[in-house]
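Heads up, the next two complexes both have chain A, just with different partners, chain B and then chain C.
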Partner chain A sequence: MRVEYINPFVEAAFNVMKEVLGGDVRRGELYLKSTSMPVMGVAAIVGLAGGVEGRVLFDMDKASALSIASAMNGEDLTVMDDLVKATITELANMITAQAVTKLHELGFQFDLTPPAIFTGDNMEVSNQDVEALIVPMETGHGKVEINVAIRERA
Partner chain B sequence: MNGQSAEPATNRIAPQHAEDKKERVDKIDYKMVTFSLAGKEYGIDIMNVKEIARAGKFTYVPNAAPFVRGVYNLRGDIISVIDLRTMFHLPSERKGDDALESLLILRVDEHVFGVIVDNIDKVVGISSASIQPPHPIFGDINVKYIKGIIENAGKLYIILNVEKLFAPKKSAEVKTIVDGGLRKPAIVDDQAPEELAKIELSYQEQQETSGDLTSAFIKETLFAFKRFAVTPLNEAWFDQRYEEWKQVRKAMDLQLKEQGEADQFLETFFSPCTSQLWTEQYMKQLLAALPDVSGKNLNVWNPGCGKGYETYSLACLLKQRYPEARVKIWANDSDLLSISMAPNMVFMVDDVPDLYKEFMIKGRNGWTFLQAVRDTIFFEFHDVLNTNPVPPADLILCRDTVSFMSAIDQKRLLADFNEKSKNKSVLLLGVNEKLPTAGWKAVPVDGISMYIKGA
Partner chain C sequence: MKTKEDFPSINERKPEGQKPDGTPFRVLVVDDSMFVAKQITQILTSEGYDVVGQAADGLQGLERYKELFPNVDLVTMDITMPNMDGLTALQKIIDFDKNARVIMISALGKQDLVKQSLLSGAKNYIVKPLDRKKVLERIQHVLSK
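Entry: the complex of A and B
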């Protein structure tokens, strides 16, 4: 993945989470991964198109998703209903959009697809051919892993 | 002020330090059952010991390995009984058929079996931090089966690694390998035969030629410290360097005991102009060596570009050599810190050889490369051992990178070079790296290791 793409995603994730969740948000060590990986329970995915191809995946467990959705809505949510799903989708959208805006300022043209959300147990993402950058974020509401795979259109 | 605060500080540190030390000695987190074999003391992790017993009259099993004394009925469970002394080829006193033997009942994974020893001593509590690693010159028992050595109450105990000795498959499958007069217990499992052959081999080498052992040892430590694997790719350099090393070190110990020594050993390995812009002289050599290309587009792959010095140098070189071509360089490195600085590198005037000046512009903080140059390069945070999404390359620049991978990874990456290159592609390796794969022809230029595919 191009070096120029890394920072916008890291910054956007940090800024947005700090803004909507408040409190202590910390970023873990970045690393690369290319094997299939388990999804913790809730995964929001945003596709990227344009000069590049790829996707951004936001991965968290159910408890974190509920806690984050509760914090963003200002009410106590305990079941995985449409509101929770819509909230997580929105979070994914906000982060990706802000990253893409930053990238646009740097002169890179990206288009977004509408986000989609997956929930379930024992899910796994396997596209072995794609190397993804993992940005682990530690929030007061649980862990969110952002999995960015972008490839230059050759 | 300073004097005042310094004094109490030192006072405070001293007792705390002593406490730390004491705590380390006192902390008992490992218990072992001790026993003796042929007059020497041994220990086994208590977690592997189910119970101890005295028993005799083992039922003989025909055709079993010599160290299997037979089977025994332990309160209804039939367990096999192994004589550790026979297993380790130690002398043992021959007892009458009715005599009782000291038996340690061990449990490894799900498997229970008995082990005969001379005398079971006691349970000793120790601190696992004070276990010392085994030394390769231990005679009686192959080091592989020794977890470590511990000193307790004036006695030295050898702690046996029961998992290695008996697991993962059952003791019924334990066989002895008879090879060159060396008989050692061996565990037969899926990956064992190959590994064993290796161990067997190195064991023999140990006894025959001490010189080769040192070089094998250096190879091992180079990989451990620097992940530098000696393979056909760089063997020629290694052999030569090893001879030099002998001269340099003379009577001193040849082995590499720390990171610094490994660095020193590798000093002569690196190609000219590593971690700096290429000098005029090096550029001239390359200019002369690079063949003409026919295509208009020139794709370049530069794995392991580090901070990007060689990438920028190459970009300028290609602009000079092929002014008409459209150059695209995919440069990647798996070190995030190095690669993230690469796109925005700033130079001080003194560092920059004159030939680069025409490709650079003076900014507020120093000199940077022109946007036109930077646009030709994609710096990527990428691990070459993952799938490489680069288009077929006309030129691959990979100096002193392949050597710093394990032998298997080296093979994989070289195969990938082959796959990701066109016919007549140019491959540039580090000056001390020789391409071992077929299908590439070396370009005979001094100081450059260059190959052309299919020529």
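Entry: the complex of A and C
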């Protein structure tokens, strides 16, 4: 997978999270996974299809999801309810929209699926034939991993 | 000695959400995201607007508008929604009431749809993430015309 694909997502995640969460957002070291890997507990996924295809996963643990959703709603949310899920979905939406705008400007053409959110313990994601690039982002409300697996259409 | 009369009181500012006659502007919020709908509602009610209806897709939004009409002053309309998208709902609302004041709420990267919406009669648009100041400015601008 080409690194060009992940940078717009990392930049967009940085900008959006800084804006909606306030405070410091730090970018960790990028790493590559080619086999299946664990998911932390709450994952929002957006699919891409067109000239390039694949998916982007926003992965975080439950405590971080609750803390992020609480900050975005300006109230204390303690259970994984519909509002928390809608909030994390919207976060994924905003980040993806900004990243895709950038990728379209760079000449990549594709459409997006609406985000879906998965919650649960001991989840794992596997990618056939495409390795995933992962960038951990540290926010004041916990860690969010941006996990991108995209390839050019065969 | 200065008495408190020498200072303008910021608390006496009239809430933006009120018409000159003191009654609130009435808003219909159409958005499929519970989070965004709640965010818009909070911003508006904090400035004295009255959110008279919410709808979770374009079709519901159109139906709610017809039910509320003429007791509705403004619609905030998301663009990407299931069942009926915001652009179609906007066009149907304008067909029903050519003076409808509709503001589009868009994610980044939907410039074409925003442009089409403005050509179809939307009065303005706001790009997410929603910023309180931006939301209030755009809405006030539309209502002041």
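Rule of thumb we're sticking to: the second predicted complex is superposed on the first by the 152 of 154 C-alpha atoms of A that agree within 3 Å, B and C clash if a C-alpha of one lies under 4 Å from a C-alpha of the other, contacts with A are read in each partner's own complex, and residues count from 1 in each chain.
The criterion applied here is as follows: a residue touches a chain if its C-beta (ideal position, glycine included) is under 8 Å from a C-beta of that chain, and two chains touch if they have at least 3 such contacts.
The structure presented is a predicted model; accordingly, all values stated were derived computationally and were not measured.
Peer 1: For the overlay on chain A, clash or fit between chain B and chain C?
Peer 2: Pair status: fit.
Peer 1: Pick one for A:E131: touches chain B only (first), chain C only (second), both, or neither.
Peer 2: Touch status of A:E131: first partner only.
Peer 1: Just to be sure I read the superposition right, which of the two partners does A:V25 touch: chain B = first, chain C = second, or both, or neither?
Peer 2: In the superposition, A:V25 contacts neither chain B nor chain C.
Peer 1: Touch test for A:A44: chain B only (first), chain C only (second), both, or neither?
Peer 2: Touch partners of A:A44: none, neither chain B nor chain C.
Peer 1: Determine, under the contact definition given at the top, whether A:A92 touches first (chain B), second (chain C), both, or neither.
Peer 2: A:A92: touches no partner chain.
Peer 1: First (chain B), second (chain C), both or neither: which does A:L57 touch?
Peer 2: After superposing on A, A:L57 lies clear of both chain B and chain C.
Peer 1: When the two structures are overlaid on chain A, which partner does A:L83 contact: first (chain B), second (chain C), both, or neither?
Peer 2: second
Peer 1: Just chain B (first), just chain C (second), both, or neither: which does A:I6 touch?
Peer 2: first
Peer 1: Answer with first, second, both or neither: which of chain B and chain C does A:T101 touch in the superposed model?
Peer 2: second
Peer 1: For A:S34, select first, second, both or neither according to whether it touches chain B, chain C, the two together, or no partner.
Peer 2: first
Peer 1: Which value, in Å, gives the least CA distance between chain B and chain C in the superposed three-chain arrangement?
Peer 2: 24
Peer 1: Take the contacts of chain A with chain B and those with chain C, and give the residues found in both.
Peer 2: none
Peer 1: Give the list of chain A residues in touch with chain C in this complex.
Peer 2: Listed in rising order, the residues are 16, 19-20, 72-74, 82-83, 86-87, 89-90, 93-94, 97-98, 100-101, 104, 114.
Peer 1: Which of the residues in chain B end up touching chain A in this complex?
Peer 2: Spelled out, the residues of chain B in touch with chain A are 334, 336, 339-340, 342-343, 378-383, 386-387, 389-391.
Peer 1: Under the stated contact criterion, what part of chain A meets chain B in this complex?
Peer 2: For chain A paired with chain B, touching residues are 1-4, 6-7, 30, 32, 34, 128-131, 133, 151-152, 154.
Peer 1: Which positions of chain C touch chain A when the two form their complex?
Peer 2: For this pair, the touching residues of chain C are 33-36, 38-39, 42, 80, 107-110, 128-129, 131.
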